[in-house]
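Sharing a structure below in structure tokens format, with a few things to ask.
Which chain is which? They are A, B, C, D, E, F, G and H, in the order written, and residues in each are numbered from 1.
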Amino acid sequence: MQNETRKILESVQNGSISVDEALVRLKTQPFDDLGYAKVDFHREVRQGVPEVIYGAGKTPEQIVGIMGDMRKNGQNQILITRLSREAADVVLKSHPITYHEQAEIGYYGSIPAPDGIGTVVVATGGTSDIPVAQEAALTAEFFGNRVVRLFDVGVAGLHRLLAYREEIMSASVIIAIAGMEGALASVIGGLVDCPVIAVPTSVGYGASFGGLSALLSMLNSCASGVSVVNIDNGFGAGYLANRINHMEAKK
Amino acid sequence: MQNETRKILESVQNGSISVDEALVRLKTQPFDDLGYAKVDFHREVRQGVPEVIYGAGKTPEQIVGIMGDMRKNGQNQILITRLSREAADVVLKSHPITYHEQAEIGYYGSIPAPDGIGTVVVATGGTSDIPVAQEAALTAEFFGNRVVRLFDVGVAGLHRLLAYREEIMSASVIIAIAGMEGALASVIGGLVDCPVIAVPTSVGYGASFGGLSALLSMLNSCASGVSVVNIDNGFGAGYLANRINHMEAKK
Amino acid sequence: MQNETRKILESVQNGSISVDEALVRLKTQPFDDLGYAKVDFHREVRQGVPEVIYGAGKTPEQIVGIMGDMRKNGQNQILITRLSREAADVVLKSHPITYHEQAEIGYYGSIPAPDGIGTVVVATGGTSDIPVAQEAALTAEFFGNRVVRLFDVGVAGLHRLLAYREEIMSASVIIAIAGMEGALASVIGGLVDCPVIAVPTSVGYGASFGGLSALLSMLNSCASGVSVVNIDNGFGAGYLANRINHMEAKK
Amino acid sequence: MQNETRKILESVQNGSISVDEALVRLKTQPFDDLGYAKVDFHREVRQGVPEVIYGAGKTPEQIVGIMGDMRKNGQNQILITRLSREAADVVLKSHPITYHEQAEIGYYGSIPAPDGIGTVVVATGGTSDIPVAQEAALTAEFFGNRVVRLFDVGVAGLHRLLAYREEIMSASVIIAIAGMEGALASVIGGLVDCPVIAVPTSVGYGASFGGLSALLSMLNSCASGVSVVNIDNGFGAGYLANRINHMEAKK
Amino acid sequence: MQNETRKILESVQNGSISVDEALVRLKTQPFDDLGYAKVDFHREVRQGVPEVIYGAGKTPEQIVGIMGDMRKNGQNQILITRLSREAADVVLKSHPITYHEQAEIGYYGSIPAPDGIGTVVVATGGTSDIPVAQEAALTAEFFGNRVVRLFDVGVAGLHRLLAYREEIMSASVIIAIAGMEGALASVIGGLVDCPVIAVPTSVGYGASFGGLSALLSMLNSCASGVSVVNIDNGFGAGYLANRINHMEAKK
Amino acid sequence: MQNETRKILESVQNGSISVDEALVRLKTQPFDDLGYAKVDFHREVRQGVPEVIYGAGKTPEQIVGIMGDMRKNGQNQILITRLSREAADVVLKSHPITYHEQAEIGYYGSIPAPDGIGTVVVATGGTSDIPVAQEAALTAEFFGNRVVRLFDVGVAGLHRLLAYREEIMSASVIIAIAGMEGALASVIGGLVDCPVIAVPTSVGYGASFGGLSALLSMLNSCASGVSVVNIDNGFGAGYLANRINHMEAKK
Amino acid sequence: MQNETRKILESVQNGSISVDEALVRLKTQPFDDLGYAKVDFHREVRQGVPEVIYGAGKTPEQIVGIMGDMRKNGQNQILITRLSREAADVVLKSHPITYHEQAEIGYYGSIPAPDGIGTVVVATGGTSDIPVAQEAALTAEFFGNRVVRLFDVGVAGLHRLLAYREEIMSASVIIAIAGMEGALASVIGGLVDCPVIAVPTSVGYGASFGGLSALLSMLNSCASGVSVVNIDNGFGAGYLANRINHMEAKK
Amino acid sequence: MQNETRKILESVQNGSISVDEALVRLKTQPFDDLGYAKVDFHREVRQGVPEVIYGAGKTPEQIVGIMGDMRKNGQNQILITRLSREAADVVLKSHPITYHEQAEIGYYGSIPAPDGIGTVVVATGGTSDIPVAQEAALTAEFFGNRVVRLFDVGVAGLHRLLAYREEIMSASVIIAIAGMEGALASVIGGLVDCPVIAVPTSVGYGASFGGLSALLSMLNSCASGVSVVNIDNGFGAGYLANRINHMEAKK
């Protein structure tokens, strides 16, 4: 950021641009204004990955518009989350996306081969948690991570989880996804030495209160090294797992 | 109940008591009215165990009065729960009770030797859950049960729990006591084939919301065979464990 | 568990199996991995009853697959809970199940004759609680218990409950099911000396908040000997009632 | 109200007062402004009973000031609720009040003999609910009602309540006070044909959440004819019982 | 109740009935058992009004069955609440009921002329509260009360309420129905000297949380003489209003 | 108000009207009673703007009726909020309204040109918040305010917001609309010196709990000068913005 | 802001400062870093009023330090809120502040004479709300506003509020402060045409849940033109009232 | 784990140990049982760092005992969190710990020099959040991380945060700590490309509900890459930051 500012100042100093021109440049908007959306082209520079489209609450037409703007600006890999089957069908008329119905994810471009750094384990307590898990797994894969899926390894049958001890022990990051009482995160958290991202799901009924039970359980985990994202937020977990798995450049 | 009614009716039939006398007997109160309390002497008949005094919210003087009434009526074993140190000191001036400070339990009479039927395992997730566990254990012992205490075997160090697999496997009833995320109940519930009574505790902070987190977690246990009592309700768990452990006479 | 380990160790000692073979056996997975589910064949050994399929959140195809795997492995009695009419119709094309619509329960195999041990009383506060009650009753029957149904005996007309005092008094376990204010559990809890399993239901409106009112009420029961399962969790209550009713082998 | 307006208008018409005088009278404030309080002398006219001083949140000095103003204006019966022992001691230096510590009620003047109309029954579930019950009972007595107190008749020992069936059946209004699960209100509501005012109390712990459990329970009562006031609001119940008991003049 | 017992005892005494016959009579069930419902014929004796059918959660067939049983037993006035249009159409095939769609109320028999005792005012804050108000008003009318309806007199335009001061001032009971912030109950409560029954409604959005906002507001009313029933419980309010309005016989 | 009263009194004094006539005038109702609604014609006098019709919970027929009454009384600008497409179609058959589907707003008459006083900035965190924003913006425009729309300027890409610093800095009032974590209000509140009206929206999922998250966040804003309206209450924000923007006449 | 940037750029252009100097100036921190606090001297420029010290959660020593830094930088009017008596005593040893105990406010410098623009009315429902009201009133006065205090005008005695109709009608802004059911805000909101800032207070007990009841009530106000600040946030209301009252310069 | 098992099996195979000996070793407890605590010596092997003592809910004597056991087993660096001043004084009589009062942290041994890998930035919204921040910072330092503290950089004065853009941009992990509305996490999350651990604090009042507001806000962050730990859980954040910062060995 500062380098850019220095260049502008030096251009003013050497007279190659005017003060007014500099003023404009200093406030240039690194985004496109579509009215209903300000598409953020600066995010890739700022955060290493391009902006992702959160599909819920947007009309299919708005999604089509945003994608068009992104593609026009040279973005050739686009992820859309929370994309319903119906919306995907509309989008497909304008943009050649691949759609994964269980995860409600669409993407333009292709999922890259894993870059060989670390492994992200995505574990679920039950079968009903799989849609959230697929959202997490696909997101992590979209950003170049190797993903191992361990579904239905909840604590009611502990030996199922312990059978995969090796996979768990060698992960760089583990995403533990569970509804109901959400105990999976604590049990995994007590076994490993890598960061654990807990994702409560809305799976359950009655006193699960739409995922609140699992959420509170995970926040109060007696195992350290566990942090939590929003209920059903598979995308957020996959995104964060990628950040953690790819952070070494910083050090 | 019906036998008693039949006797009264037969006495009316054979003229040994009058209608008015019968009316009085039919509505006789099997309790004593102290004004501030109606001491229930019928409970032993009805439920096999004498009434227990819940100390919280009663003045020490009221407790002394109720105990006096019970002793006068021949009850020679009395349990008082939620009895603070201060209240116990006042009670001790009138009645020779034994006081257990950690559990906040006092009792008149003595704890009987276990009657040889089954074993109640009382397990806690952490050290801070011990006061609730002692309330549960002492209650169960007061009613004649053998109790095994397993403290600090929470799921953050699963091997600590698994090391006691034998004790757990051979229990008649298990009381699983935990605060924070309360995962202990689910993990134990998945290992055993006996009834598990889960007791959430108010141990924790922040999003444990005074035990709500553990409570919800336990209610949503993915392991079957688990039921739940109120937060910190060690007494209730011990009382119910006794009922379950001693129920065979019924069958 | 230990016996099995001893056998493996002795086989290593006497050279009948190699170290590598022993390693494999020690970690052999007593479950089948279908990808979307890990079917737990060890549960029958561990907990006396086979794994039950929780239908909610699973696609009919997944249920069909799990059942196929179970049947292939010799399980000839399978219970499926929370099975909608629509899902049942799909399952019926592959497996000959009996479907009980009100309880949303399907089962493969047949309900056995009661084994003569104790009686489980299933009582409801009102007519609207019957679906939950049927789920509880059928579950208990599926595991071999004699069940007595007492529907619509809520506390607004106490004489209706008291008329069945005999049935209530002679039960081994009582399942008290009620929505709204859930007072049924406390009233029954005060009358009997057997364990009472309280099931709050989501019956009600307004400040019943989806069963929260009945849940809190039951957790705070002033009658001892009452424990609680999740809102609408008829299956859990029936399962636990079976455990309590059949626990004597332990003692 | 209209009569008073008519009189003012007639006085204007016949010239006995001027327009300006009439304007003043039409807007005369039937209250006294002490700065920190506007003492409402109109309430007795409007609602049949004088304003009551709610002591909580007022300094003793403010209470002394309000009482002084009331006495100066001829009010010779004053009720002060939520008056702590400490505040009462300060008030006593200026005004000769009678103080009832358990109920935290003070009053100036004397409690009148009951006026012979109906009976208000004040029933509690347990001993710990007595302070709230005394607040209700004293309030009702302060306004001239006959009160019958039935303490500790909770549903865990139903026969204690049924023993007082006669008192309950012949009441004009019943105030049912209970903490924990608050089932007393429903059970009484199902037995009687008079209005039942339910008062949830904060008695309990854990999942009673400061009275929330009893409050929800009472709001969801399956018995009709029950309405609810705020948690621990003994005064409100006593006040309303008086209104109901003395309403016949209207008809 | 006691008279009936006395008669039975006297019959035993004079030999007109046997002990066994007496036993049966003493435990005779004053209700009919339809399996899914225990129809309570004792309620009219006990509470002055016949049992009402709460339609929600019952199948139309169950309602038809209960009504048939009631009619067979001579009940010629039956009220059914929470009866959907669809259910009403089914019921109409078996029983000639009058159906009021806005209130979701059906009744067999006819609404009697008011009996001349007192007036029940039913006031609402807004137009959207009218369905609840109609449920309350029809219930009160069904039990013989004169009802005055004041709809849309919420506090945002206080003069609309004050314009009806006369109606309000001369009521025996007022039912104040409001959603959103529920201030209507407090404002009316401050104006009158009769009992006020507050009914919070689920009208509103966002932070009204399904009526919670109005419920809490009404429970915390700074005006005394106000009590509260469940959210949207028009029936309960109308039923209680009838009890209050017709209570004088007791005194 | 007082002037009108004076006039009436003077008319009584000079005999031009009778006392009875004066009484009637003093209680004249400045509203029309349609039964289901009391249309408030006094509001324009009292609050400067005519009554607005809140469409939710009203039948289209009721809306048509209220509008007819308003138009008959000379109101030529009518705003209807929360008007669904279906209801609008019904209304259109009777009244020529303009309908804005995204905002669910209909209006009779036309939106006036801005009156040149100040500017209301309506900013949203995301694209999904736009319907609420349009409700706010149209409401403000309907009352004569100039509105600037800034959509999708949430804090995840702060530069998008900062790019519009000029618009924000020169606003008279800012309406900050956001769901999820609602941080937009705090960030804007920290940048400006004009009043900020925060509108939490129900946009989000999981732990957003229908807007509760954004609501609490905005109420706890660490930036001063921010106040909050109900979740999704775009109308309320637009209405209040108008009041603030047009308040100078008072000073 | 832009002007300052232009000046820096022109200085670079004309060579009066170097690029490095410009870089430093462009990122100069308009705050002082005390380690535990970053004192914001830019706020006066940005928001027209100096930073205020929120005393809660700060040690008296930290407050002394921050004040010292402010005074050193020439700020001669400093407001400290939530300052306990004890903390004030410590602060007084270093800085000559005026302390208002009821409002828990301290200030350095003096409260200015009102600047003649508009009037802020601060109204409370009861006497117990006065501390919050004083915080609001003193804050508004500290920033130069004329304040009228109307205490104890709650809706239980509506005539007390209506008696001050004139004061209310002529206000520029009204701050409506109430606990319990918080109806005051709605009633005032329906009477006036100026912005109403509602402040819920934690006054109350039981189901007031620490101010939640009043908060929800105010958020759901059926009167438009009302917005809400945090529970007990008198400062926030006074601060916002000042902003609204002094906003005309913008237009 | 498997290697150890292999060695035991090979010893059995080659006869160097007996089957019984092997059985014992396979179930050897890698923990010490103090009765009230099971000290976990296996954790260092399993998770790379020694067990930490959570001081809350433990008596000082229990802490002394656990530390003694740890030191006896050769652990020469021990961290104790949530250690009150009073408890620390007791512990100090037995063990030479260093105590940090603001963070309520004690440690035996010394804080190591940072190991040169990455930087953990600990940022707070306000001064009141510092105790939680110190707990996080000291924990991270105890495990060998370089920590940069940025206190009081909340979003109400955004320039204070932006002034430290360089520190923020070059962090490996950022711990964002804030109470009230918790917006800091979202704003930081939108600026950086490293993992952000959000810690809600209980700082605030009223509708902050003990940290719930900040918790929900952070869980709903519109910025990706943010995860959340329990309210006030500085230790958990510091512990997780260490795991993330030191995870590269895995890859």
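Convention: contacts are C-beta pairs under 8 Å (C-beta built on N, C-alpha and C of every residue); 3 or more make two chains touch, one makes a residue touch a chain.
Quick caveat, the model's predicted, so the values are computed rather than measured.
Asker: Both chain E and chain G are touched by which chains?
Answerer: D, F
Asker: Treat touching chains as neighbours and tell me the shortest step distance from chain B to chain E.
Answerer: The fewest touching-chain steps linking chain B to chain E number 1.
Asker: Consider the two chain pairs D-F and A-C; indicate the one with the greater count of contacting C-beta pairs.
Answerer: Output for the comparison: A-C.
Asker: Would you kindly say which chain has the C-alpha centre located farthest from the C-alpha centre of chain B?
Answerer: F
Asker: Once you find the CA centre of chain C and the CA centre of chain D, what distance in Å lies between them?
Answerer: Averaging C-alpha atoms per chain gives centres 49 Å apart.
Asker: Just the number, please: Cα centre separation of chain C and chain H in whole Å.
Answerer: Distance between chain centres: 40 Å.
Asker: Compute the distance, rounded to whole Å, between the mean C-alpha positions of chain F and chain G.
Answerer: So the centre of chain F lies 25 Å away from the centre of chain G.
Asker: For chain B and chain G, what's the span in angstrom between their mean Cα positions?
Answerer: Their C-alpha centroids are separated by 54 Å.
Asker: Please set out, as single numbers or ranges, the residues of chain A touching at least two other chains.
Answerer: 2, 126, 157, 191, 206-208, 212, 215, 219-220, 224, 230-231
Asker: When you check every pair of chains, which ones turn out to touch?
Answerer: A-B, A-C, A-F, A-G, A-H, B-C, B-D, B-E, B-H, C-D, C-E, C-H, D-E, D-F, D-G, E-F, E-G, F-G, F-H, G-H
Asker: Could you list, by residue number, the parts of chain C that touch chain D in their complex?
Answerer: 125-126, 154-158, 179-183, 186-187, 189-191, 204, 206-209, 212-214, 216-224
Asker: Inside the complex, what are the residues of chain A that reach chain F?
Answerer: Result: residues 27, 29-31, 35-38, 40, 42-43, 51, 54, 56-58, 62, 200, 202, 210-212, 215, 230-233 of chain A touch chain F.
Asker: Tell me, which parts of chain D touch chain F in their complex?
Answerer: 2, 5-6, 9-10, 12-13, 15, 19, 22-23, 26
Asker: Would you pull the chain B residues touching chain C in the complex into a rising list?
Answerer: 1, 46-49, 52, 117-118, 165-166, 170-173, 191-195, 197, 215, 219-220, 224-231, 235-237, 239-240, 243-245, 247-248, 250-251
Asker: Quick check: in the complex, which residue numbers of chain G touch chain D?
Answerer: Touching chain D: residues 126-128, 130, 151-153, 157, 159-160, 163, 203, 205-208 of chain G.
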